[in-house]
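By written order: A, B, C and D. Residues from 1 in each chain.
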C-alpha cells in the first residue's frame, strides 16, 4: 500500500454549507475521505456585541444579550441580569427567580431539542429533526405566551423578569410536559438507539476528561467526558438548590467515554432532568412580586465581577466591569461554543469527512455564540 | 467465539432497532400533521390567535401620548424619533413628529414598558414586508397635536376613555414591583364572574 | 479555598512579583508582574493546594491609560476560583502566552489580540480570529474609531427618516 | 409483446416489409412506454415521496398545485426545464453534458425486460435478469463522469463514493439472484415468474429461509445501488452539499433525480419478479386481455408497495458512513450471500421440487412479525397522545 501515491486535497467547507450550524468555515485538509486536519475559521457572525454593551447602558443591553446565543437566549438574559444584580447589589424577588428558572429550563429543553434534532439531520435522518422541531415549536408557543417573542425573548430585566406568568399558563405547561416525556422516549427509540446512528457516533471524537478541562470545555461537552460538573448544582445560583435533580454524565456505554454519543446522550438525559425541574418549579412557585425596584437609570457602583450560569451550551461566564456610570466599562462573555471550537482542530485529525459533521453537531456549536 | 457472537449481535441489534424505528414512523401516518398552513388555509388569521403579550409591529395611540419621551430615551437602537415642543403661546406640549423606524426596531419591548398611559404598544401584526426602507417608517403625527395630559380622576372624555382603558390594560401585563399578575387575574376573573354572570369578560 | 486565601498563598510564594492584592471590587484579584505570568500560572496549576486545572476566562480591558489582561482561573478538583491581572502599556502591549500551560488560552488570546491588540509572545497562531485579516485597528480599544467603509461596503446606515424628510422637500 | 409482434409478422399482417414495420412498431411502442410511463412515473413518485415523508414528519407536504398537490411534479419539471443550464467554466464540458444522459440511459434500458404481465413485456430475453443487473450498473459511469467533469472537490468525492458503492454492492446483489436462478434454472424474467405461484406461500420469498435472506439482501443492495437512504452517501446533503450533482442545474439536474426516483420502480420490479411472484394472479377468467390487465395491476401493486417501503425506510433511517457501508457489504452481505447460495443449492438437492410445508411455516412467521409490528405501532400511537388523523390527504 505504501507505493500508492496519494495527494492531499484542500477542501473549503462553509461558510455556506448545510451542516455548519450557522456561518462557520472549515479549511479541511483531506486525503480522500480521511481528514488530516480541519482548521476552523470563525468570525463570520461577529457583531461586536461586547462593544455595543459599552454604548447602550445596562437596561438597553438586555435585548442585545438575546443575540449572543439566540438558541437559548434566556440564559444570556439571565447571565447579564445576574451580573448587573451582583454589581448593583440587588436582590431578586423569589417569584422572579422562579420565573427565571422556569423560562430558562423551558429554553434549555428547546435548545437541546434543536441540538439533537440537527444532530440527526446531519447524519441523514430527516424525520427526527422535524419531530424535534415540532416539540420545540410547542415550547416556543408557551414562551411566546409568557414573554411575547419566540426567539429573542428579552424576558428578564435587571432585578427580575418583565412579565409574570400569565393566567392558566402553569396548567398548560404541565400538560405540555406530560406530552413531552413519552415523545422523548419515542425519539430515543427512533433515533438514539438506532444501530446505524450509534455506529456513526460511538468512538468518534473522543475527548478525555483532562483534555476537556484543559481546553475549557463546559456543559454537556464536559459532562460527556465523565466530569460530573454542573454550575446549577456545584456553584448554586438562583433558586436551583430548591430542586431535586440529577446531573447526567457520559459513561461510555455505547463506545468510549467522551465520544460523540456520550455528549449526545447527556443532552437527551438532561432534557429529562429539565422536565423534573420544571415540574417542581411550577408546583412550588411562591406568590409575590417578580421584579425588584431598579432605577430606570441604573448606575451600579464601580467594580467588576464574573457570573457563571449554566446555559444549554454550558457554563457561560459574564465578566462585567463597571466604572460607576450608566454605561458598563467592559463586558466580556465567555461562551461554551467558543471553547468547543478551539478543540475541533485537534479532534478532527484522522477522522473522516462525514465525521466532521457529526463532531460539530455533537459539540453543539452555535455560530453567534462563538463570534458574538 | 466472541467475534461470531458480536457478528450475530450486530445483526440482531440492527434489525430490532430498525423495527422499532419503522413502527414509530408508521404510527405517524395516523397522526395529525402539526403544520400551520399560513397564510391562506387557516380558520382564523394568525394575528388573532397570537397571545396578548406578542411583540409585533409598534403602534402609537396619539390621543393618549403624553409626550414624555420615555420611550425614545429607553430605545437601545434609537429607532424612535419624537419632537415635542412647548407652544410659546398656549404653553401646551405640542407633538410635531413621532416616527418609528420599523426597519430598525428589534421588537424588544423596552419602549412600551415605561409608557405612563400605554400609548406606545406592540400589536399582534407582524407582516411588515415592504419595498423600500422609507415605507417602513411609521409616521404617527400628520399635523402637530397637543400631547395628552393625564387627569387626576378617571377620564371623562368619551372619545379617549376606551383608548386609555386599553392602554392601561396593556400596561398591567408588565411586572410592576409588588404585583402578582396571575393571582390578580384570577381575582379579577372571579370578580367579573360574580358581577356579571354569563357575560364574557 | 477562598479567593483571598489563594491570592495570599500565591503572594507568599512569589513575594514582590505580586504587585497588588485587591478586595474592593466584588471579586478579589491580584495584579502581577507581566513577566511572571507563566511562572505563576505553572505554579497555580501544579500546586497541590491550588490545582488550578482550568483557565476559565481570559479577557482584556482597555482603561485608557493602560490595558489589563484578566485571567480567571478555576479548579474543578478544589472548586475555587482566582483572578489575576497584568497591567500593560497601551503602546505595543505584550505579555507571554499561557497557551503552553492551558490549551484553552489559545483561542482566548487570539481574541484579545484581535480586539485589543495585545501581543502574546510565543503564541503558536497569532492571527486575527473574529475580525477580517486585513482589518485596521483594534475595535475594543476605547479610542477606536470605526472606519466609514470597508472594501467599499459602507458601515453607516443612512437614516430613512432623514431621507424621507429630504424627499418631501 | 415481442412474441405478439412476431406472431403478427408471421401472420403476414404487415405485408412485405414486415421486419421493417415490426421494428418501427416496437420503436414507437418503446417510446410510448418510456415517455408515457417511465418519466411520469418518476415525477409522480417524487410527489408521493414528498407527501409520505411529510406525513411521517408531521408535516403536510406539497398540496397546492393541482388536487392535493398532485401536479407538483409537473410544476417542478417545468421549473427545471426553464432554468438556466449552467456549465462551470473549469469543467470538462463534454463529459459534463453527457453524464446525465448516461444516468438516464441506465434508468431507461431496464424497462425493456420489465415483465408487466404474462404477455406485456417488450423483450423477454433469455438472460433477462442478467441484462437488468448489468444495465442498471451503467449509472456508475454517469455518476463518476458527473463527479469528475464538475471539477468540484465535493462532486468528485460524491462520484468516487458512488463508484465504490455501486461496484461493491453489485456483488451481494448478484449473489442474491443466484438462489432463485438455482431453483428455476432460468435467467428469463418470465421464466422466473412462471416458476412461482400467486399465493404468498408459493413465492420464492417464502420458499426457504435462504431465499428470504437473499431477498432482503438484494433489496438493501438495490437501495445502495440506487443511492437511497441509508446509503445516499454520493449526494449526502449534510456532508457533500449535493454530491456529484452539486454543479448541475436545470434539466440536467432533473435527469439525475428523475433517474433516482425512476430507479425505485426498477428496484421494486426486480424484487417482485424474483421473490414476490411477479404478475402471478389467480386464474379467475379465461379472457386473455382481462387476465393481462389483472396481472398488470397485481405486478404494479407489488412494485408500488416496495417503492412505498423504500420511501418509508428513507424517512426512518440515518445515513451510514463510507467505511461502514463497505464493511456492511464485504463483511456481512457478501459472506451471507455465499452461505445463502450454498444453502439453497443443498436445499434444492434435497427437495428438487421445493418444500411446500416450509412455505406455510415461513408465511406464518411473516404474519406473526407483522402482527407484532402493528402492536408496536398501536403502542406508540397510544403513548404519544397526539391527535389522530386517518385521512391520507390534507
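The criterion applied here is as follows: a residue touches a chain if its C-beta (ideal position, glycine included) is under 8 Å from a C-beta of that chain, and two chains touch if they have at least 3 such contacts.
Bear in mind the structure is a predicted one, so any value in this text is a computation, not a measurement.
Novice: With contacts counted as C-beta pairs, which pair of chains has the highest total?
Specialist: A-B
Novice: Suppose chain centres are the mean of their C-alpha atoms. Which chain sits farthest from chain C?
Specialist: D
Novice: When the C-alpha atoms of chain A and chain C are each averaged to a single point, how far apart are the two points in Å?
Specialist: Those two chain centres are 24 Å apart.
Novice: What whole-Å value do you get for the distance between chain A and chain D if each is reduced to the mean of its CA atoms?
Specialist: Chain centres of chain A and chain D, defined by C-alpha means, are spaced 44 Å apart.
Novice: Round to the nearest whole Å and give the separation of the Cα centres of chain B and chain D.
Specialist: It comes to 53 Å between the two C-alpha centres.
Novice: Counting in whole Å, what is the centre-to-centre distance of chain C and chain D, each centre being its mean C-alpha position?
Specialist: The computed centroid separation for chain C versus chain D comes out at 61 Å.
Novice: Find every residue in chain A that makes contact with two or more other chains and list them.
Specialist: 127, 134, 186, 190-191, 194, 196
Novice: Give the residues of chain D touching no fewer than two other chains, as numbers and ranges.
Specialist: If we look for residues of chain D contacting two or more partner chains, we find 56-59, 315-317, 380, 384.
Novice: Among the chains present, which pairs are found to touch?
Specialist: Touching chain pairs, listed by label, come out as A-B, A-C, A-D, B-C, B-D.
Novice: What part of chain B is in contact with chain A in the complex they form?
Specialist: Residue positions touching the partner: 10, 13-14, 17-18, 20-21, 24-25, 28, 34, 50-55, 74-76, 106-110, 113-114, 122, 173-183, 185-186, 189.
Novice: Would you pull the chain A residues touching chain C in the complex into a rising list?
Specialist: 42-43, 46, 48, 50-51, 86-87, 211, 213-216, 227, 229, 234-235, 302-306, 308, 315, 317, 319, 321, 329-330, 332, 334, 338-339, 341-343, 371-372
Novice: Given the complex with chain A, which residues does chain C contribute to the contact?
Specialist: Touching chain A from chain C are residues 24-27, 53-57, 59, 61-62, 70, 72, 76, 79, 83, 102-104, 106-108, 111, 115, 128-132, 139-140.
Novice: Sort out for me which residues of chain D touch chain B in the complex.
Specialist: Residues 54-60, 312-313, 315-317, 332, 373, 376-381, 384, 386-390, 392, 394.
Novice: For the complex, which residues does chain A have touching chain D?
Specialist: So the residues of chain A in touch with chain D come to 9, 11, 17-19, 32-33, 120-127, 130-131, 134, 178-179, 182-183, 185-186, 190-191, 194, 196-197, 199-200, 352-355, 357.
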